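Next come two complexes, and both contain chain A; in the first it sits with chain B, in the second with chain C.
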Partner chain A sequence: MGKSVIIIGGGIAGMEAAARIAAMGKEVILLEKSDQLGGHLRKWDRLFPTRRKSDEVFEYLSNGLNDKVTIRLNIKINKIKKDDRHFFVILEDGESLKSDALLLTTGYDLFEAGKKEEYGYGIYDNVITSADLEAMFRNSAEIKTSGNQKPRRVGFVHCVGSRDEKAGHLYCSKVCCVTGVKQAIEIKEKQPDTEIFCFYMDLRMFDRYFEDLYYEAQQKWGIQFIRGRLSESCENPDHSILVKVEDTLTGRPLKMTVDLLVLLSGFVPSSDTNKLADMLGLLPGSDGFLTPVDEHFRTNETQVDGLFLAGTVKGPATIENTITDARSAAISIIKYLEK
Partner chain B sequence: MISEGKKRIWNEYQKEIADDHYFYVRSCVRQNFFPGSEKTFLKIMQHELGKDVYENPSHTTCTGIGYHSDIVPFETAMTVIARQFALMTEAGYENLVTSCITSFGLYSEVLETWHHFPELLQKIRMHLKNATGREFNIPKNLAHASDLIYKFRNNIAAKSTNRLINKQTGKPLKAVEHIGCHYSKMFPSKGVGGAEYPYVLIGMIEEWGGEVIDYPERRHCCGFGFRQYLVMANRGYSIACSRKKFESMEPYKPDLILTNCPGCPMFFDRWQYAISEMEGKTYGENDHGIPVLTYEELSGLILGYDPWDLGLQVHQVAVEPLLDKIGVQYNPLEKYQGIDHKDLGKPNMPSILKFY
Partner chain C sequence: MKQFGYSINPDRQIDYDLTDKSLLSFIVSFEPSLLSCISCGTCTATCTAGHFTDFNIRRVHTLLRRGEITTLKKEIQKCMLCGKCQLACPAGVNLRNLIRSIHVAVEKFNV
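Right after this comes the complex of A and B.
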């Protein structure tokens, strides 16, 4: 009987790794907690920096899943055990699944924006998150306030829950800056009369074409970038949002009203990752994400023989990097199985 | 405004408040600012609620005003506070309740510091022993007096003769609540409801029939800010802060401002007068100001106490419009009479702000 792999987490990394391992002739069981594959990708409309529809990426990933991949949805894992050679994943209903290798691709959760209490998410009607805005894009809806009006002014708050000691997350979530710029441009495309202000600490446009997008936002669309972290937001009588921020380039406090405030929520380790790490005896890094055995050379392996990691379970990453990492994990797993 | 969101946060910030037997420490300034408040607190706790509240005349300032004005070093403040703990310990009490928000904040800061730096606690024990021969236990429970009124707000409601309802319209009175900065902004978990959406005063207002207004500058400082006022050259900043808040709350037409700090009611009350003289602007109805009450004064009104026994005649903003809305019985002729019915003399009338 051929060797098999269980992959836990049916998002981008899980789907791509499953496709690559299956393409090399191994049986894969792909476990997903929700009722569909794709993870966060299914909630996004267009992707930075190319503005490709997320559905195209999902279609590509789905097409890779051949008949060697068994997809199991709505899965709850009760326990994971390992003997000398095999992993046993025990499901909530008692079913036991056996494999020769195990890959964790349980990804990330979005930081709960309500934890930044001073920004008023979940309290003020017109404070939303980047994910909420993306849902509006996905529904092809006009961008509107809670009062069903087109916003005249929209504010974006960068680094919500990232690079923030008070929130307990010192790390950068990497993709929020460019997501904010992309979303700001998309609002301008849909509703050109909207004024847009992005409040940032510094813009980390690290990857290819990100800087181009940032320039386009300023030069073509007149989106304004104000360097300063929000101290608080409050609700005006008309339900617009009063924001207070220090403009650190002019060294002056700034108070302005926006009709809609978008919080760019960062990444946090997913709650499932934490549970599974406990079951498997994996120690997270100081940021809470899981850590491979070597950060340079063995980037998908763990201290547990046969247990691998891929994607944002190891920390914030772009989709491109997640796909590449999933392929890398697939190669490492095949090499391990053929030992 | 999504009230469920606020309730979620309030649930996350519930603190333990002891049920009885408190060692009470007064504020340095409140008996001058609003002289009936502390007396009313003791009356409510001891006589209405039957609680054991003890105060020792030997207790001193906590040094909070000096500490926050950078003239008292932290070790000195800690040693003075250790002495208050010694008085509490000697009197056989374990629960400490402060009248002053700044004291509450500083006591919390000291306890938190000792928790993280136990060697500093040992050092302060030694300082106190050397200076006074006293020893002390750390309080089991630290509360601000507004926490206790919050805790027993239902009992007060059960004994109430007045409600925060407009007698003429039958509608809830609209209240602005303002907690002092030192209540929970430094240690959100030490305050009922946390720092961003504090509940301690809201709980009282809602329980007693009123409606709370949230307004854009709710979190802003009252204007006291210690050095904003204590340094005379900065007082323009103090009044500008208060004015910013009045301008922000004005469109909601509040019937009263409720406070739990020694400084906040003082500045809300006095600066309304100053602004009326400087700019001819008043923030209440018909050239009145917005009445400003301490939580003890409001509790007293709810319980039907005579407003002049509560000390409401020393407010710069006339409270009569609020008393009339609630339906409080009062004799205007007794406003400026002392307890012995001697005439205390009337203040000069402001030029703009309506006063009686």
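Right after this comes the complex of A and C.
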């Protein structure tokens, strides 16, 4: 019998790792809890910074899945056991799947924006999340307020649920800054008369071409950046939103009305990751995400022999970095199987 | 009657819905590079006038962008157009021309 690998989580990392491991001749079982592969990728319209359609990336990832990959959708895992050589993944209906190595690619959840009650998500109709806005782009819909009007002014709130001790997440989610800037540009392209303001603490445009996007947002589209964390928002009688912030660069409190307020929700460790980590005895890092044995040299291995990690299960990451990390995990797993 | 020391403070808050942005649009049409400002403060740090007075060129043009123009005319007099700030600006803001445009604008709009 050839060696086999079970991958838990059919998002970007799971799909790419499955493709690479299968391409090197090993059997892969790819387990996914929902009824489709692709994870969060399927909710995006266009990706930053290239503005490529997310569907193209999904197609690329799907094409990698050859006949060595068995895809199992709608899977619920009951238990995971391990003896000295094999993993046994026991499903809810009692079926037991066996493999020589196990890869966790269970990703992240979006921070529940309603937890920041003072921003009014779920309370005021015109407060939405970046994911809600992306869904509008994906449906090629016009951007409209709850009252079915084109918004004259849109605000973006950075760091929602990130860099926030009150939300229990001190870390930076890395990609929300660039997501906000991308989405702000996209609103301007669709509806150029819209005024757009981003309320930020720091703009973390860390990756290649991100700064160019920021420059384009300012110079070409006149998108304005106001440094200060939103303290609160409230609803006006006409359902527009009044936001309050310190304009820290002038040292003055500032208020303004926006017709639509977009919250850039951050990453949190996925609830499934937490459950599986418990079953496997993995200890998360101080931020709650899982941690490899060594952050420089053994970036996909865990304390458990034969158990590997890839993608955003280890913390916020871009799609490019997730794909690269999945390839790296595939190499480590092949090396382990051939030992 | 006893006089208590009560008084009403003017609101320090910038009410963006009410501030006047016509001056800003006029200035940006002359000097669009203002839009590229990344608020780094290099201009203020290098400004000779700012070393000897409370003149803060970065704050002046940030307030302008919020439509806060009440002190603009008085503030901008403190600049001697030496151009040091522009040499240092990492975002390519043409500060000298910006300041000249502000001079023109405050006269035109009579602020």
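To be clear about the criterion, the second predicted complex is superposed on the first by the 339 of 339 C-alpha atoms of A that agree within 3 Å, B and C clash if a C-alpha of one lies under 4 Å from a C-alpha of the other, contacts with A are read in each partner's own complex, and residues count from 1 in each chain.
One rule holds for everything that comes next: a contact is a pair of C-beta atoms (placed from the backbone, for glycine too) under 8 Å apart; a residue touches a chain by one contact, two chains touch by 3 or more.
Since the structure is predicted, the reported quantities are computational estimates derived from the model, not experimental observations.
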| item | value |
| --- | --- |
| First, second, both or neither for A:122, with chain B first and chain C second | first |
| Chain B versus chain C as contact partner of A:234, first or second or both or neither | first |
| Touching partner for A:207 - first (chain B), second (chain C), both, neither | neither |
| Touching partner for A:109 - first (chain B), second (chain C), both, neither | neither |
| Contacts of A:222 with chain B and chain C, given as first, second, both or neither | second |
| Chain A to chain B touching residues, read off their complex | 114, 117-118, 121-125, 232, 234-237, 239, 242 |
| Chain A-facing residues of chain B, complex | 1-2, 4-6, 8-9, 194-197, 214-219, 251-252 |
| Complex contact set, residues of chain A against chain C | 215, 218-219, 222, 224-225, 227, 247, 249-257 |
| Chain C to chain A touching residues, read off their complex | 12-17, 32-33, 35-37, 39, 58-59, 62-63, 65-66, 68 |
